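Remarks on the structure that follows.
By letter and in written order, the chains are A, B, C, D, E and F; residue numbering begins at 1 in each of them.
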Amino acid sequence: MQLNVCSSQQHSLPLPEEESSNNMASKILLSLALFAAACSSIALASDPSPLQDFCVADKENPVKVNGFVCKDPMHVNANDFFASGLQTPGDIKKDVGSAVTTVNVDNLPGLNTLGISMVRIDFVPQGINPPHTHPRATEILTLLEGTLLVGFVSSNQDGNRLFSKVLYKGDVFVFPEGMVHFQHNVGYENAVAIAALSSQNAGVITIANTVFGSKPDIPIDILAKAFRTHAHIIAAIQAKF
Amino acid sequence: MQLNVCSSQQHSLPLPEEESSNNMASKILLSLALFAAACSSIALASDPSPLQDFCVADKENPVKVNGFVCKDPMHVNANDFFASGLQTPGDIKKDVGSAVTTVNVDNLPGLNTLGISMVRIDFVPQGINPPHTHPRATEILTLLEGTLLVGFVSSNQDGNRLFSKVLYKGDVFVFPEGMVHFQHNVGYENAVAIAALSSQNAGVITIANTVFGSKPDIPIDILAKAFRTHAHIIAAIQAKF
Amino acid sequence: MQLNVCSSQQHSLPLPEEESSNNMASKILLSLALFAAACSSIALASDPSPLQDFCVADKENPVKVNGFVCKDPMHVNANDFFASGLQTPGDIKKDVGSAVTTVNVDNLPGLNTLGISMVRIDFVPQGINPPHTHPRATEILTLLEGTLLVGFVSSNQDGNRLFSKVLYKGDVFVFPEGMVHFQHNVGYENAVAIAALSSQNAGVITIANTVFGSKPDIPIDILAKAFRTHAHIIAAIQAKF
Amino acid sequence: MQLNVCSSQQHSLPLPEEESSNNMASKILLSLALFAAACSSIALASDPSPLQDFCVADKENPVKVNGFVCKDPMHVNANDFFASGLQTPGDIKKDVGSAVTTVNVDNLPGLNTLGISMVRIDFVPQGINPPHTHPRATEILTLLEGTLLVGFVSSNQDGNRLFSKVLYKGDVFVFPEGMVHFQHNVGYENAVAIAALSSQNAGVITIANTVFGSKPDIPIDILAKAFRTHAHIIAAIQAKF
Amino acid sequence: MQLNVCSSQQHSLPLPEEESSNNMASKILLSLALFAAACSSIALASDPSPLQDFCVADKENPVKVNGFVCKDPMHVNANDFFASGLQTPGDIKKDVGSAVTTVNVDNLPGLNTLGISMVRIDFVPQGINPPHTHPRATEILTLLEGTLLVGFVSSNQDGNRLFSKVLYKGDVFVFPEGMVHFQHNVGYENAVAIAALSSQNAGVITIANTVFGSKPDIPIDILAKAFRTHAHIIAAIQAKF
Amino acid sequence: MQLNVCSSQQHSLPLPEEESSNNMASKILLSLALFAAACSSIALASDPSPLQDFCVADKENPVKVNGFVCKDPMHVNANDFFASGLQTPGDIKKDVGSAVTTVNVDNLPGLNTLGISMVRIDFVPQGINPPHTHPRATEILTLLEGTLLVGFVSSNQDGNRLFSKVLYKGDVFVFPEGMVHFQHNVGYENAVAIAALSSQNAGVITIANTVFGSKPDIPIDILAKAFRTHAHIIAAIQAKF
């Protein structure tokens, strides 16, 4: 099964060569998927410009650069610009009730140097895509199915204003680069969204996991002071991550 | 009806305040739409970075800048980051059998400075989104319904290679910035795609319309020599645009 | 007194014309300041390039653009490139024990289009600059006085690893763009740091204030699920912000 | 002979070490060249910024990146910033009557990371540089000899307006990034132009060759529908490319 | 006469509407010009990207921004992308023996947002384009007539190495962004070069004029110490500027 | 001793692993340092954006790219984002009376791709940081101790205006990207400044050293004409560098 968990990680699609059996499965699953899926999406901004038609990521190359080194262009073919897997919902993560399936430079190597990526987000009823930021991208989201409360909070200078809206099928919303945002399925059915992000590798920083679940932990006294609460409450939350 | 034609123009979504009746209509139309719609999409790359949380486009301001001047941030609210209208297919353009419905800075003013936009593309069977380029963006496309032949041609230096692929539901393909590309519904049902572009205003240059339908026309002898054909054939094509 | 609170807001320096008396005060305060001050700093990345020698922000102009419109260059003088006020600690914010004093395009208008800004951060013993991100900049910090535990957490894809270090006088640390980071005075004396950020207006998103203190609040059930805790605990934390 | 064909390809200048005999030839040819040459030019926009004084392209390195990896700076000398060959017209391509001689990162490796390149374009009387785009650059052109009709067509959103002008010696024209443009020698003598492009590797997409001469061909039915003509006319044009 | 001095200033071309008489003059002067002219050129790098097909500079608009605000696109025509005047040498500046004629956003308003500009440089025998930098661009230069010694000096970190070369007709050289560079006519005839710069407004900083001729002067003791010479020598040099 | 000379070179901090003995020394030196140190700093603008959380420079890798290739992220730890050494003044260079100690990507590898760096500048009384430019960055400076005359000169187009100001403790000044600028300790005590630059590797071009001390020398006749003085005066100045 290639279904993926979401929210606390960006999950990879199966690579094209691994997908034939998934495709058979996915044809069966698809009619269900569009009604039963559930997840939430993200997006961010402004990669360096390309200096040739394409620079397909050579993921196995031991040389690491900003982004990825390129495959020999003579060996590039159409499959390098292709990925499959958005036809089915990701594997719903129990604690949040959502799944994010990501298509970025990690599983679509042709995206390298091109400044964009895409995700599918599935939500069960009451599922959330918890508050998170994308450090390198703006996100634009459209809702395919369901009813979704979405929102972002502006920065300190703007007074941490919450801009939120309930979305219905076909609605579009934008989450500006770097802002904390979330989605919540407020309907009675599953919700499905497609979102795009303005980077080949937008990054996801899920606030709760990052602040309470880092490896190692951020010292409790720092968090207690930051969140204006008791150390034992911080410790209890940390224990969940 | 807010259905839009596609391919030779980017069409605007109805603005939010005009959409209440459309929403009623769209709930009825949607179950049809996801099976009967037909169109193709586009997307491109690398706008300047934002210098504040948001700079919502003030479209009515007489001062014109690269992009748009900003609304007073105190008057900005959630509706500035919102658009509706992707739930229904655009108005199919007869000659090509497709419709592009665009959500960019023109109808979603919150996208200003944020480097991304989105389109829905609908295709009837055999419908095409004819060869075109986006001068300012890469496009990433996912197919929601149907079967689509997609392709792009690399530049002269790379030998004008055609990279093409047949897409099924849930497949994703990327069209690198500035490359000529197209989509063709090769299935027996309508096709629907969602695409995102790496600019708030990617631009569309439909090759045929631009080369044979410019206002005024490009001189016939230039086109006859460029396309290695007779002047009367050029004139006949020009007469269709 | 121009001393400023820190952490949950970026505070303005007094403008140059207001500073003569402050300067008198600051000469007296300075020997104390360098030993007794207390606060923490931030910084972030990659504004659009300038198209002329300078474009000094005209803050009063009713036309708003990405960044600011420019003063007539004929009226520009050296004071437009100048600000004062970093000689004294900001006004320590009681709950966190720190103060951030910011010099960015808001109080140094010559920074417009130039992609950089600076802050002074003061900390009392045990003071913290609570976890926060800068949506538009990398930060580089050097410690002038005291002992500071600093750290940042990488994104989900990297496993939310905590990179932390105790800094002493003269040490330098970098917080990559968009990453959640914090500082904590672990010494017995005040600490003072100078940091620079790679944007004229980096922005600050203090996590706790943004997530628990937005206006209006993010719905409690979303936060309870995100932080894996009870609604009453969320409500209690929200009540503090 | 190092004369080059133009329009459907960007041709390389001979590398410096191959040029001694060419230089001898070119001294003889030059007085002819400035009167008898004929060709057309191109130009484009906004490469990533350099992070050191220079990063001379190491073309032979097996590692491929966005642009090129750098030679060891200790081995760099003045010849790395030098190319010759613009003193003579390129090899006129019979079908279009023009030749483009390109100096970009391929034959002037010092241009790597520096965001600019140059071309010489020669035209015989009635010669054209057929409609083309540069996917990654704006072009600025100045006419050294002859009389040239130049033009570009704006994108769909602007109504595909043709902006054209007849240029005489010393005139300058700009073709904005990504726009379809062309040049036509409308005088009785050869024409010579120098143009610069805002990328180290602007790319050229000659419309006719790309749309009708890709390898493999774009399916005939797509082109017939796009150009609103019969399949046999498309096939006849394809056969010429 | 529209001939311009060079080196210590970038000079404007006559605007198009002023050029009809110049064109008559220039037809007479041109055969002379290509053999008798003499000057040197400059060029620089990486403006923000455009967000629409074009944003023609509205030079008279009282609102000033990074670059220029745009004319109403409906009033834009081909003349906005056009300038004339490079057919004739600029007005040779006696002290240096050269003239720079510049085509940038100041006299070709269509260049706004497009990241490129062009200059013609004329030199009498022994004429120089004195050491200067372009703060915002790389320069690529081709020699049309004459024999030119060109060079640039790398930065301190690279050891202030001089990279120099004698250029002949048709040779091309690149001066990396921000590096100090110069040209010297070492032949017995006039020299003429065309250069392009990677910015719409590259800027010129002629070292001698900037360091010894600023308004007001840099204090003598600073310069004496910097140049390791006596104050009276500095004063004597300052008196010449 | 890790004290560094300044002005004509950017000097490296000792790497962290070499610093234990320096740290012992520096604790002794520090109380002196803050009163006795003397030097001046600089900084400049707009590197390409990061495409991952961090790309720590792998300085030993034989593959050279724009910036540096990255260490394997699994081997990255907090020390990669850390440098020490700004607690002590650099080694005062006798001829100018100042020292620049630089923290950039060369000695803080975590800065790679992040667009910022920092320097400490120390000045003895009457010490100067001689006129110089940063080809790739804007600089923002704050004065920690002493009294400093600072200034920059605008480009030719702006009339080479000098913008200068006397700074006192806590004052901040900005030197726009690419402009010639300087600092002069006009007080009776040492001066200490911290500055930041908007690039990981801003570069320094000290005017006198570059123009009169390049390797090899710029020909005397070019400089004599450029500086409007006699060849023997040029030769005498060159002999000092």
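Keep in mind that, in the parts below, a contact is a pair of C-beta atoms (placed from the backbone, for glycine too) under 8 Å apart; a residue touches a chain by one contact, two chains touch by 3 or more.
These figures come from a predicted structure and were not determined experimentally.
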Equivalent interface positions on subunit B and subunit C, same or different at half: different
Farthest chain relative to subunit C (centres taken as mean CA coordinates): D
Selected from A-B, B-C or C-F, interface repeating C-E by over half of its contact pairs: B-C
Chain whose average C-alpha position is farthest from subunit F's own: B
Length of the line joining the C-alpha centres of subunit A and subunit D, rounded to whole Å: 41
Whole-Å gap separating subunit E and subunit F, where each centre is the average of the chain's CA atoms: 28
Rounded Å distance between subunit D and subunit E, as computed from the means of their C-alpha atoms: 24
Where subunit D touches two or more other chains, by residue: 46-50, 53, 63, 65, 67, 73, 135-136, 151, 155, 157, 176-177, 179, 201, 203
Graph class of chain-chain contacts, one of line, ring, star, complete, other: other
Pairwise chain contacts under the document criterion: A-B, A-C, A-D, A-F, B-C, B-D, B-E, C-E, C-F, D-E, D-F, E-F
Subunit B - residues contacting subunit D, complex: 8-10, 46, 95-97, 126, 128, 130-131, 133-136, 149, 151, 153, 155-157, 159-162, 176-180, 182, 184, 201, 203-219, 221-223, 225-229, 233, 236-237, 240-241
In the complex, subunit D residues that touch subunit E: 23, 26, 30, 34, 43, 45-50, 53-54, 73, 76-79, 81-88, 103, 108, 110-111, 114-118, 120, 137-140, 142, 144, 151-152, 154-155, 157-158, 163-165, 167-177, 179, 194, 196-198
Residue ranges of subunit B touching subunit C (in the complex, touch as defined): 48-53, 55, 58, 61, 63, 65, 67, 69-73, 112-113
Sites on subunit D touched by subunit A in the complex: 46-48, 63-67, 105, 135-136, 199-201, 203
